[in-house]
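Below are structures written as structure tokens.
Both complexes below contain chain A, partnered by chain B and then by chain C.
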Partner chain A sequence: MLAPSGFLMFFVILVPLALAFYISVIDLDQYTIQHWLKAPFVGLQNYVEAINDTSLLHAVRLSVSQALLVSLITMPIGIAAALATQNAFRGRAVVRSVFLVPYILPAFVVATVWRTMMHPQGLLDHVVGSVGIDVGLWLNGPTSFWSLVLVQSWSSWPFYYLLVLAGLQSVDKEVHEASALDGALWWTKLRYVVLPYLRGSILLALVISFLHNVNAFTLPYVLFGVPAPHDVEVLPVLTYVTSFQSFRFGLSAAMAVVSLALVVVPLFLYLRAVRLDSGEDRVRR
Partner chain B sequence: MKARNAMGALAGIAVVGLALAGCSGSDSPASSSSPAGSATAAKIDGTGKTVHVMIAANGLYPEQQKTWFGEVSDKFKAETGATVEFETFASANDELTKIQTSVLSGQGPDVYSLGTTFTPTAYATGAFMTLGDAEWAQVGGRDKFVPSTLGISGPDEKNEIAVPFASRPFVMAYNKDLLAAAGITDLPTTWDELTDDAKKLTTGDVHGLAIGYADGFDPWKFIWGMSIQAGNPILNLEDGKAQIDVDPTQTAYQTYFDWYSKDKVVDPAALGWKNAQAVAAFADGKAGFVPMVSATSRVTLDKSAVAGKYAYALMPTVPPGMTTNPGDGKPATSIISGDNMVVAKYSKNQDLALALINMLTSTENQTSYNKTFGDLPTNQEAATAIQTGDELLKPVLESSAGAIGTPFSGAWGDTQLALTNVVVQALPALQAGGVSESDLKAALQTAQSTAQASLDKAK
Partner chain C sequence: MSALIIRPPSLTGGRRRDDDVTRLLPRPLLVTVIVALLLVVLGPVAYMVLASLNSDIGVAAGEIWPREWHPSNYLHVWSTVALGRGLANSLIICGAVAVVCALVSVSAAYVLVRYAFRGRLTVLRGLLGLQSIPGTLMLLPVFVLFASASTLLGIPTIGTRWAVFLTYLTFALPFSTWVMVTYVRGLPRELEEAARIDGASSWRVLTRIIVPLSWPGIVVSAIFAFLLGWNDVLFASVMTNPETRTAAVALQVFGATQETGALPLYGQMMAASLICAVPVVVLYLVFQRYLVGGLTAGGVK
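Here is the complex of A and B:
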């Protein structure tokens, strides 16, 4: 029974991973791609160049801080939306559908629409200008980082909503009834009864959201274009430009490996969470 | 146990690696080409064969492009018995990925249509067949083409890989009514004159120039153009030196920035514009000039508020701060812009591929392609016919004749990115009032380092 999954794991995960590692230690570029097996072995030189001569560390800082911020900002929004639509009310199906719109829209559509709104003298400038605020450029300079956080949050908060909504289904009806009989107020009920049930779902959503946001490419690429402004030159965009505009495939593979290292810790946490949630573990417990 | 598993995995990877290496094929063409001049498209028997062509998807005319694919295949079948299958790519990234996988596996499209500025990168891969006398004869000979369009076919005449297929030289469009109202009778031929005229045209919500400062490509085209007009080719391939942090290029950037911050001849919103939005502002009658447009802008402009009120003109060919080109300056009207066609070395249908290119670059097909898609012919006869028959396109064809190729080096991709990056990173300062000389110098030094590092790697 292990054979099919082992086969898949070998060809879908291990082989590409091994190739990525291999490419990261050779000088593969537009000049050597035709004879890639003969490309000069350069050891860790690509890694050294990536760290010393490119904006890799800056990109890592940006990616991690952006992903963390978005994951934390969207958490309460998603939880609140799920709680608000838990109980049946007239029009709930419509509200639940509308909540999913940001999530199901393709990232390039989201980015294109927001880009239009964020143009100089665009809709957002008019809105904030009407209350006397001038933020300068939304899509370049220091504000652009917060623009990225805003748009990424807008498009990804329904992910929490979905997972929390699923988690809410696991709260036993009797628990609600018991807390109501005990006279618990909504906050007390939420804090001490519902949220403990949701802890697993929320933590899982946090980890996946972080991974998703660290690796987000399409949204920043379409929103800011390339070359990216310094404040939003996130890791996936930097890797893309290095590979497809500078044609330094070896160097970009080294960057990709670094980004892999970046997601390994949350990935490990995620895999551990999934394993702990499995039926096998429940039996063991 | 773990060690044994790891060894097994490594052995597996090695096997896969060898298998891939086996697939990668050899450098030599899979089939030999015909002797010089012995083959023409009509004489080749391609019955039962298929020529695969990779070409950019045409966003402006998607339906017409599909129809054109069918027509080409039918016509080629009638001539040779072979069919043509087209595959489209949406971006240079898609195309590069396809080239990579094809080069590695030794199979894929027989013919690629490449953007002109991407041709040096394609050449650097060594994956495309070199066109000797025999191959040029098979596509109708070099004399068949507008001479300037051959300027980016290879590093020199003996090492050409690309056949010019479509020409999209850059010009500027101007609003005849606005210019007349401002009393401008002579079109500017220097960048300083253009700036002066733009000042006269700027009034109310109408601006002298429409510039796409946030475009991913326009900025480097302006900077390269002004620089080479002043004698600086940006990359000096003979000496292997990048020349970005030098006076002519600094002046070019300063002029480009001053339009916004000092001369105030562009819309404040232009900091967020791409080329299409600059054209849209001109189409609304809100700008006197829109530089760096190709003939394809005609599609938009003929349906706009300026229909019948605009014309094309050459962009200035004298660099900023000067009244004539210096001794080593070249009066470049545009970069050589458009599409080239190349044949893959691994192709087993090289003769058929060349016959197809011969057919596509014939006078008849080039004329019809121009009528359908707006791109100018690279075929000299077709280009001459258009020049005599279409007054509006005359300056565009003049621009094609005066266009100069960007440096033919694999380092150009990085260099144009570095040139554009200077503008991208300067936009916040520009909005805040202007880019200081020291900041500009620092940015140029960064771009210089990037370009030099890339040039040092060039082979």
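Here is the complex of A and C:
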């Protein structure tokens, strides 16, 4: 019964994965793509060219710093949201549904809406202008990186909220009672009693959030369009453009392999943190 | 990690406890946090609705409340970008992906949970790991493979719905299977064992016991598979042609027309975005109770 999915995953995931590595060491462009099996082998030349002659390293820096910033900025927001909705109050179900909205909206919709809000003299310029700030261009120049961080944060904070909320269920009522008996103030209780319970959830959310953001394609692609401004040409967009606008397939595959390298360490941490087997499972031989 | 297998009953707000003991934040702070976040979340959403009813000039000028109302945006958008065909393509492809993915993943999960075999843990680890493989890494080789299959076998692939269907199905399977694994794991074994004693085959156990008991999990798997396709721009932008374009790609035409220098069709762009977002939001709200558990189970959008 594993066969159908195993078969599919083999042909549409594992074979392409191997092929991606192969393409990265051959000279493949729009002229050789028709007979890609005969394209000349060039060793690591694509990698050398990607590092020396393209903005690959710049793109890697952008992708990593963007993902780290977003993961760190959204952490306190998600934790605060989970703490605030843990206790029952009238309308809590509605609040909880609303909190999930940014996360469930398709990335292409989120990016389209923010793109509209961020055009020159658009809504955001009016809003920040009314408090006397002039940001300049949102979607171009040095500010655009922060625009990307802002929009990415807006759409991804509910993930922390979800995981922290799930983590809060593991805090027993007795713990609350004990800290109340000890007369702990809310801050003390939070810092020394509740947060230690949440450490696992928060760290897991951090790793997954990084994985999710570092290779995000749709949001930057739709938010800034192509060709992307240099300040937001993140790795997935650069890889895509090199393939399907410049038609330098071999070069692009080398970039894509680099993007895989970016997820290796967090992925390793993630797989270690997740319990693959539940203890109760007595597996039949 | 315990957070992964918990399906908290109170996440959807069924239980009501009026306990001061468990309160985590002082009331003023709690109110501030909730109000601030509601504003931050609902601001852009409300703007999307208002802008979809506004004139293009109004949106360009940064109006919040439209001076002139243009509900006609919702009529014109269908002819400007072939949104109807896009939605139909998305529905056909993603609907098929959802159904097939749910069926395949429930049987795969059953095998993974209840049978011991060499490499079982590797498969489980692979299910989680595969989700983090960057889409941009897979796009080019998948494209090359489909193109080669087309020249070798003489059948059209790139630009057809079934090529997109196969691609989405495969990328949806690891996560859906993982969701089903966490679900099937929680089912009581007694029923299966009783059926076994009565001489039921594996297939019978699967179809008569596992599937009927795991409906909520199957629904979650199907919805995630559906959304994976619905939200995708990367693969669809390369693997579809104007005939088979999905809604997400149809929407990108607005961005392209913008480059001609004319005033972008902001109103219709927002209307189209809203139309594409509504099915997703409705699916979530209806199945929220199950979906939240699924989201925390693997943590991928």
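Keep in mind that, in the parts below, the second predicted complex is superposed on the first by the 260 of 285 C-alpha atoms of A that agree within 3 Å, B and C clash if a C-alpha of one lies under 4 Å from a C-alpha of the other, contacts with A are read in each partner's own complex, and residues count from 1 in each chain.
Here, a residue touches a chain if its C-beta (ideal position, glycine included) is under 8 Å from a C-beta of that chain, and two chains touch if they have at least 3 such contacts.
Keep in mind that this is a model prediction, so the values were computed, not measured.
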Assess the superposed three-chain arrangement around chain A: do chain B and chain C clash, or do they fit? clash
For A:Val15, decide between first (touching chain B), second (touching chain C), both and neither. both
May I ask you to decide whether A:Leu148 touches chain B, chain C, both, or neither, giving the answer as first, second, both or neither? neither
Counting only touches as set out at the top, which of chain B and chain C does A:Val257 meet: first, second, both, neither? second
Taking the superposition on A as described, I'd like to know which of chain B and chain C A:Ile23 touches: first, second, both or neither. second
Could you figure out whether chain B or chain C reaches more residues of chain A? C
Does the superposition put A:Gln121 against chain B (first), chain C (second), both, or neither? both
Of the partners chain B and chain C, which touch A:Pro227 in the superposed model: first, second, both, neither? first
Identify the partner contact of A:Ala107: answer first if only chain B is touched, second if only chain C is, both if each is, neither if none is. second
Applying the touch criterion given at the start, work out whether A:Gly167 contacts chain B, chain C, both or neither, answering first, second, both or neither. second
Between chain B (first) and chain C (second), which, if any, makes contact with A:Ser201: first, second, both or neither? second
Taking 76-84, 166-174, 202-210 or 220-228 from chain C, which overlaps chain B after aligning chain A? 76-84
Of all the chain A residues, which ones make contact with chain B and with chain C? 15, 19, 33, 36, 119, 121-122, 225, 240, 244
Complex contacts: residues of chain A adjacent to chain B: 10, 14-15, 18-19, 29-31, 33-34, 36-37, 53, 118-122, 136-137, 139-142, 225-230, 240-241, 244-247
For a test of understanding, state which residues of chain C touch chain A in their complex under the given definition. 1-6, 8, 10-13, 15-19, 21-26, 29-30, 33-34, 37-38, 40-42, 44-45, 47-48, 51, 59-64, 104-105, 107-108, 110-116, 120-121, 123-125, 128-130, 132-142, 144-145, 147-148, 166-167, 169-171, 173-174, 177, 185, 202, 206, 227, 230-234, 237-238, 248, 251-252, 254-255, 258-259, 264, 266, 269-270, 273-274, 276-277, 280-281, 284-285, 288, 292, 295-296, 299-301
Seen from chain B, its contact residues with chain A in the complex are 9, 12-13, 16-17, 21, 24, 27, 92-93, 96, 100, 103-104, 121, 124-127, 214, 216, 268-274, 410, 413-414, 417, 420-421, 424-425, 427-428, 431-432, 453-454, 457-459
Residues on chain A engaged by chain C in the complex (per definition of touch): 1-2, 4-6, 8-9, 11-13, 15-17, 19-20, 23, 33, 36, 77, 80-81, 83-88, 92-93, 95-109, 112-117, 119, 121-126, 154, 159, 162-163, 165-167, 169-170, 173, 176-177, 180, 186, 189-190, 194, 200-201, 204-205, 208, 211-212, 215, 217-218, 221-222, 225, 235-236, 239-240, 243-244, 249, 252-253, 256-257, 259-260, 263, 266-267, 270-271, 273-278, 281, 283-285
